[in-house]
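Next, two complexes with chain A in common: one pairs it with chain B, the other with chain C.
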Partner chain A sequence: MKYKAQDIIASGEWTYGPAWPVVGLDIGSRGSKGVLLVNDEVFTAFIPTGLYMQETADELLRRLLEETGLQRSDTAFIVGTGYGRISLKYDDIPYQVVTEISCHAMGAHAVLPGTRTIIDIGGQDSKAIKIDPRTGKVVEFVMNDKCAAGTGRFLEKAAVLLGIELDELGPIALESKDPAPVSSQCVVFAESEMISLRARGERNNDLEARANIAAGVHLSAARRVNNLLGRIGIEPGLAFTGGVSNNPGMWQVLETLLKSKFQVPGIDLIYAGALGAAVYAGRHAAASPKIAAKYHARPFVREKTAAAGPIAANASEVEFDNSLAC
Partner chain B sequence: MPPTPARWNSTTASPADRPPDPPAPPRKIQTPKSKLQTTKSTTSTATTSAATASANSAADSATDSATNSAAAAPDILRPEQFSAFIQAEQKALIDALGVRKAAYLCNYTPLELLNAAGVRHARLFKGGSSAQTAAGELFTQSIFCDFTKSCIGGFEQGDPFYKAFDKVYNFHTCATMKRATEVIELFTPTRLLNLPKLRDSGDSRNFFHSEILQFRDDLVELAGRPVTDDAVRAEIIVYNKLRLLLRKFSELRKRANPPLTGRAFLDIARAYYYVEPRKLLPICERLCKHYETLPASPPSPGQRQIRLMVAGSIMADGDRRILDIVENELGARVVIEDHCAGARPFYHTIPETGDPCLALANGYLDQSPCARQRPLSDAIDFSARLAQDYNVDGVLYIFLKFCACYGVSQKDFIARFHQLGLPVLALSNDYSESDRGQLLTRIEAFLDVIREKQTNLATHEHTHTLDA
Partner chain C sequence: MNTPTPLMPDSAATAATAAATDNAAAIATAARGIRVDALDYEPGVTRHGSRHQPNIYDAKVENPFSQAIVELGELARSWNLERIEHLVVHEGRRAVWGGAAWDSPLLRATDTIPASIMELWRKESHRSERIAEDTFHIPSEFCSMIKTMIGRWHTKRDDPIKRILAFSSGCEPMSMVIEHARNIGYEVYTLEGVTAFKVGEGLENRAKFLAAELRKASVWLQGKPVDEDRLSAEIRLKNAALKKVARILDLRLKRPFDIGSIEVMWLLGGSSGYFGNPGKYFEILDRLLAELEEAAKTPETRPSLPLILAGGPPGGLSFFQLLEKADAVLVGFVLLGTSLYREDMPPLESLAHYLFESQLRGELGEATGASALLRRRGIEALIEKTGARGLISSAITACPYASLVQQLERNHFRKQGFPIVALEHTVHNDPTTEEQTMKIKAFLEQLSESF
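After this line comes the complex of A and B, so read on.
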C-alpha cells in the first residue's frame, strides 16, 4: 500500500521523511509489517509471520522494494522491531533493533502528533504507553503479564469457537444489545464459559446469542486492558495501535469503558510499530556521514513509480487477514 | 556512613557496625594480577571451624582445587569461583558423618543459634527450575508462588542436598510458606516457628523472644548438646563481622564504576547460606581487601552503565534469568537489591552484649524487614533509602507471580520510587522458560525510557547553564 506522507500526518507536515529509502520491519508474533519511507512517500506491506523470522523479513523487504521500484542496495538503513527483531541479520544494509514499545510510540506520534497515551493490542501482548508529545519518546509503559488474556490471541480463540472469521468478530459483537457474561480472564476457561453459553442458546435466536457472546468476549478483554491503563492513567490524546485496533467491536467497547474517544489516524495503525521503526531508521541514516557519502557518490534511482493517488489498493494484501497480527 | 537508618540499628552500639566505607586509597594503577602473583596461598589455614573433620577436609580440598584453577590469584577466591566452592561445600555437607544437619527456609532464622548448637546448616532456597517447580505442584494448588513450589519440589525430586538434613526449620511468614512447611514434614521432620508480624509492638518482641528460646531448646535436643549463652554470644560476633563484610561487598557497588556485577555479588552472598562462617570470613576478607585496593576508576565517557535496583520477592538461588538479560544481554548493572537473597539481610547487626537470645529476638525483628511485616512503611523506607544511597537510575520491582504480599504491596513501593523520580518496571516472575522474549522486550524498553530521561535531563541542565 502506498500513501502520500502529508495524507497520513495529522498536522499535515512531514518532518520525519528522509530523502533516502529507509525501512522499518516489525516482526510480530502473528503478523509482520514493513514500512518503507522514501522522499515524501510511505509504502506498507503485511505478511503473516512464518516459522523463520529472517525469511519473513526478507519477503517483506522484497515486496516493499518491488512496489517502490528500488534495489536492495538502495536501502540506506533498516530498523527491526517486534518479537523477531533479535533474530534478524543484514550484512549488506546497516541494521539496528529498537523495541516495539519505542517504535509504537514513535509511529503513533508521527501519525497523530498530539498523542499522549497509546493502547496497543497485538497478537500476544497488550500495552499501555505514555509518551512525550514533543518527542514521541516513551515516558512510561505497562504491559500484560505473560498470559494472553486481553490480547488478539484471546479474540482469535473466540472467533474459532463461534465458527466465524476473525474479521467478523468485531462487527458481529456490535450487533449485540445484551453482552453475555464472560467473566474469565483465562483463554482456556473463557472457552469453556463460551461453550456453556452457546449450549444454552436457543435455535431460533442463534444469531443473537452469537452476537451476545462475541460482545461479552470483547468486554472481558477490554476490562483487562482498562486495568492496565489504570496503572499509568489516561492523558488526552488517545491512540489505539496494533492489529486489534482494526477491530471495530474492540474500538467501541474500549471507548465506552474509557469514556474517551480515540484519535482517527490516516493510516492503519497496525503499521504503527513498523512506521516508528522506519522513522528511527531515517534518523540513524541522517546521522551517518558514511551513508551520506554513499548517496553522494551514487544517487538511488527508482525504476518505476507506483500508481499515484493517496491510498492505492493493493490486491496482493487482501489474501491475508491482518486484523489480529501484532 | 552505612545507609542503615536508626530504626534498623537502634539496638546496637557495636563497633562492628560503625566503620564507614573506606575510600579507595589513592595509589598507582596496579592490575590485580600483578599484585596477587606475589602473595602466597594461605587457604588451608583459613579453616578454624568447629565442623567435623571429614567435612572440613572435603571442603578444604575443594577450596584448594578452586584456588589452583586460578593460577593468577593464588590466595583469592574470586566471585566466579564461588559457585564451585559452594558446590563442594554442599557435597561436603551431604557426605558429612557424625554431625546433625539442620536446614532453614527463611532469613528470620537466627543462624547464630544453629552454629552455636554445632549443627551443619544451610538455607534451602534453590529455584529457577521449571522441573523442580512442577514437582512441588504435586502438593500445592497452581496459585502458590513458584518459590514455594520449588521448596517442596526439591524434596519431592529427592535432591540429595535436600535429603541430607535431619530437620527443617521455618518461620511462619506467609500462608503459602506455612503450607510448604507442612508438606515438607512428609519428607523430613520440620519445626514451624512463629514470626510476629507487628514489629513495633512490645508484645511482639516478648513473643518472638519466647519463640527464639523454643528454637534454641529444639536445637539442643537435635544436637544432643547444650547451647550456652557464651557460645551464642561468640556466634553473634562472628556473624556480625560476616554481615558487615558482605555489606562492604555490596557497597563497592556504590562506586560510579562498580567493580562487582549484580550477579557476582549474589554469587558471594550465596555463600552466607551454605558455608560455615569461620571458613567464609577469611575468604571474604581477602577478596574484600583486594577490591578495596583497586583504584575506583571512573567509567570512561559514554561508557556509564545504567544502575538498577532490584526490589521485591526473593530471587532464589538459581533464578538468574532476569539478571542475565539485564546484565549480560543489555549491559545494565544491578547495583543493589532489596530482596531476601540479595544485600538486604546484611543490613542488620545483632547487639553483642546482654542476654544473647533476647538480642537475637530484637536484632532479627529489627532487621530490614520483609514486606510481610507491618508497618509496611518500614520496608518501603528501607527500599527507598537503598535506592538513593546507591544512586540508582531505575528500579526493577520483581514479584513472584501469585505472591499475595509483594504482588499487592507493589503499588505502595512503586508510588514511593516515583516520588523519588525513579522509573519503575514491575515484572511478575516465575520459573518457566517460555517468556524470555517478553521479558527482554520489557526490560529493553525500560532501559530506553531511562536513557531518554537522562538525555532530557542533560539537555535541560545544559539549557539551564546557558541561561545562567
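After this line comes the complex of A and C, so read on.
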C-alpha cells in the first residue's frame, strides 16, 4: 500500500522522510513486512515468511520496488529486523541489522509520537517496551522467553483447534457473552482444556460455545501479556504493535485488562517494526557521505508513478508465493 | 619400503577383519539413526557447525594485549578436573568438591585441593543433565545447574574425588543434590550456615560460631585442626593476589580494550586457588600489572560501553563476543569481588567475617547465603566506581532465588533510572539463544549513542 506520511502520523510533522529510497524489512516468524520510505511517501508490503529468509526478504524488496517504480540499485540503505534478520545479506545494497525491539519502538514513535509504552505481540514472542517519547529510543523492555503463551502461535493453535481461520478468531471471540475458563497459560495445557471444553459443548449452541472458547483463549493470552507489562509498568501513550495487533479480540481484551485505550494509528501497526527499520535505514543513509555522493552523481528516477491506494486490500489478499512456503 | 610385521596370525587377522567390518557396518547403521547421547565439547576440539563452545576457562584469546594474557589462559586451561584427579591418583594429593571460593585459604592451609563446583558443568553438562532427567526424573524445565550437579556426581561416583565440603545455604535443591550425593557414596561435610544480615549485636558470637565450624571442617579435611599460622599466611597471600587484581581492574578502566572480559573472569577466578600454581599466577599478575601501569599512561580514546554483570555469565563464549563486537566492556562483577580479608584478627574468624561481609554485599551467590536484597548495594558501589552505564542482571533459568533477585533489582534500578536487562541462561557451554542474543543486542542498542 502507498501512504502519504502526513496521513499516517497522529500528530506533529513527519520528519523521517529520507531524500533517497530506504527500506525496512521485518522478517517475522510467521509473516514478513516491508516498508519503503522516500521523501514523504510510505510504501508497505506483506508476505508470509518462507523457509528461506533471504528469499522472503528479496521478494518483499521486489514487491516494494515494483510498487514504487524504482530499481534495486536505487535503494540507498536497508535495515533488516525481526526473527529472520540474522540471515539477511546484501552484496549490492548497504545494509544493517537492528533488533525488532528498537525497530518497533521507533516505528510506533514515528506514527504515534506520544507513545511511551508498547505491547508487541508477534508470532513467537511478546514484548513490553517503554520508550522515550522525545526520541523513540528504548528505555526498558521485557520479553517472554521460550514460551508460546501470550503469542500469536498460541492463538494460531487455538484457531486450528476450533476449526476456523486465524483471522476469524478475534471477531468470533468478540461475539462471546461468557468467556470459557481457560485457566492455563501454557499452550499445551490450554489445548487440553480447550479439547475438554469443546467436548462439553452442546450441538444446539455450538457457535456460542466456540465464541466462548475463543474469548477464553484471548483472555488467557492477554493475562500473560498483562503480567509481562506489569514488570515495566504502563505509562499513558499505549501502542499495540506486531502481527497480533490487528486481532480485534486481543485489542479489546487487552484494553479491558489494562484499563487503558490503545492509540489508533493511521497505518496497520503490524508494520511498526518494518517502519522503524526504514527510519533507521534513513538515518544510516543520511549519515553516509558515500551514499550522498552516489545520489548526487546519479539521482534516482522512477519508471512509473505509483498509484495511490492498496495493491491488495489487506494482508490476506496478497497472493501467496508457494515456493516460499514452509 | 619395509613390510610391516604382522601383529597376529592370519586366521586371527581374518576374524578381526570380519569383526571390524561388522563394527563398521554397525557404526554406519548407528550413524544413520538418531544419536541420543551426542558427545559434549572436548577442550581443544573444534567441530565446525557444532552448537557446543568452549567453557570460558577453556577459551583462547585472539590478538592478546600481552604474552602474560596468553600464559594466564594456558594456566586456566591447565587447571581442570582431569588435572586434579591426576594429582589425587598419581601424587597422593587430597582433594574435595567445593571450597574453591571464600574458604579457599582454609583448603590450601590443610593441603587439600578444592575442585570447584563449576567443574561439574565445565564438561559433559548436557550428558549430566540428561541423566538427571532420565534417571532421576527431574523435570526438564528445572534449573540446569542442579540437574548437571546431580548427573555429574552420579557418573563420577566411582572416581577419585569422593568427598564434598558443603555449605548449608538457602538453596533447597542444592541441599537435595548433596543429600543424594551422600546416598550414593560421597562423604559429605556440611558447614552449618550462618548469616549476618543484622550487623551489630551478636555478630562476634556468630563469627566465633562459624570459626568453630571451620575448625571442625579442617579436622574433617586433614584429620587435625588447621595450623592457624599457616592459615594466616594463606590469607595474606590471597589478599596480595586480590590487591593486584583490583589494581588491574582499576587500570583497565583507562584501557578497557587491553584485557577482555573473559580474561578478567580468569583473573578473578584464579585469585582463589591460583590455578594450582601460585608462583606462575603471581608472576603473570606482576607482568600484567607492570604492562598496564605503563599503558594506562596513555588512556584509551576509543569510546567503550562499560557494563556491570551481576550473577554468573551465560555458558559459552558468544555472550562475550556479542559484547565485544559492540565495544561493550564488563567493568564490574558482582559475583566475584576483590574485597580483602581482615588480617587484624585470628584467621578462622577472618574467614567468617569475610563471608558475612560478602553476604551483605550480595557477593558469592545464594550458595553462601548472599543477600538477594542487598546485592544492589554492591552494584551501586560498582556503578559509582566504574562509571558503568548499564547492568546485566544474570540468572539461571528456573532458579527461584535468582528470578527474585532479578525482579528486586529491576524494580530498584528502574526507580533510579539506571538501565538494566534481565538475562536468563543455562550452565551449558552453548551459544546464546536467539532470545538471549536479541535481549543483549537490544540492550546495547538502547545504550548506544548511535541509536
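Everything below uses one rule, namely that the second predicted complex is superposed on the first by the 307 of 326 C-alpha atoms of A that agree within 3 Å, B and C clash if a C-alpha of one lies under 4 Å from a C-alpha of the other, contacts with A are read in each partner's own complex, and residues count from 1 in each chain.
Quick note on the criterion: contacts are C-beta pairs under 8 Å (C-beta built on N, C-alpha and C of every residue); 3 or more make two chains touch, one makes a residue touch a chain.
These numbers were taken from a predicted model, which means no experiment stands behind them.
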**Asked** Looking at the overlay on chain A, is there a clash between chain B and chain C, or do the two fit?
**Response** clash
**Prompt:** Who does A:D206 touch here: chain B (first), chain C (second), both, or neither?
**Reply:** neither
**Asked** When the two structures are overlaid on chain A, which partner does A:Y83 contact: first (chain B), second (chain C), both, or neither?
**Response** both
**Request:** Using the superposition on chain A described above, determine whether A:K137 touches chain B (first), chain C (second), both, or neither.
**Result:** both
**Prompt:** Is A:D178 in contact with chain B, with chain C, with both, or with neither (first, second, both, neither)?
**Reply:** neither
**Asked** Is A:E55 touching the first partner chain B, the second partner chain C, both, or neither of them?
**Response** neither
**Partner chain in contact with A:D125 - chain B first, chain C second, else both or neither** = both
**Prompt:** So, A:T99: does it touch chain B (first), chain C (second), both, or neither?
**Reply:** both
**Asked** Common interface residues of chain A with chain B and chain C?
**Response** 83, 86, 98-102, 125, 137-143, 145-146
**Message:** Residue numbers of chain A touching chain C in their complex, please.
**Reply:** 83, 86, 98-102, 125, 137-143, 145-146, 231-233, 280
**Fill in**
Seen from chain A, its contact residues with chain B in the complex are 83, 86, 98-102, 124-125, 132, 135, 137-143, 145-146
**Asked** Taking the complex as given, what residues does chain B use to touch chain A?
**Response** 401, 423, 426, 428, 434-435, 437-438, 440-442, 444-446, 448-449, 452
**Prompt:** What does chain C use to touch chain A in their complex?
**Reply:** 397, 407, 410, 414, 419-422, 424, 433-435, 438-439, 441-442, 445-446, 451
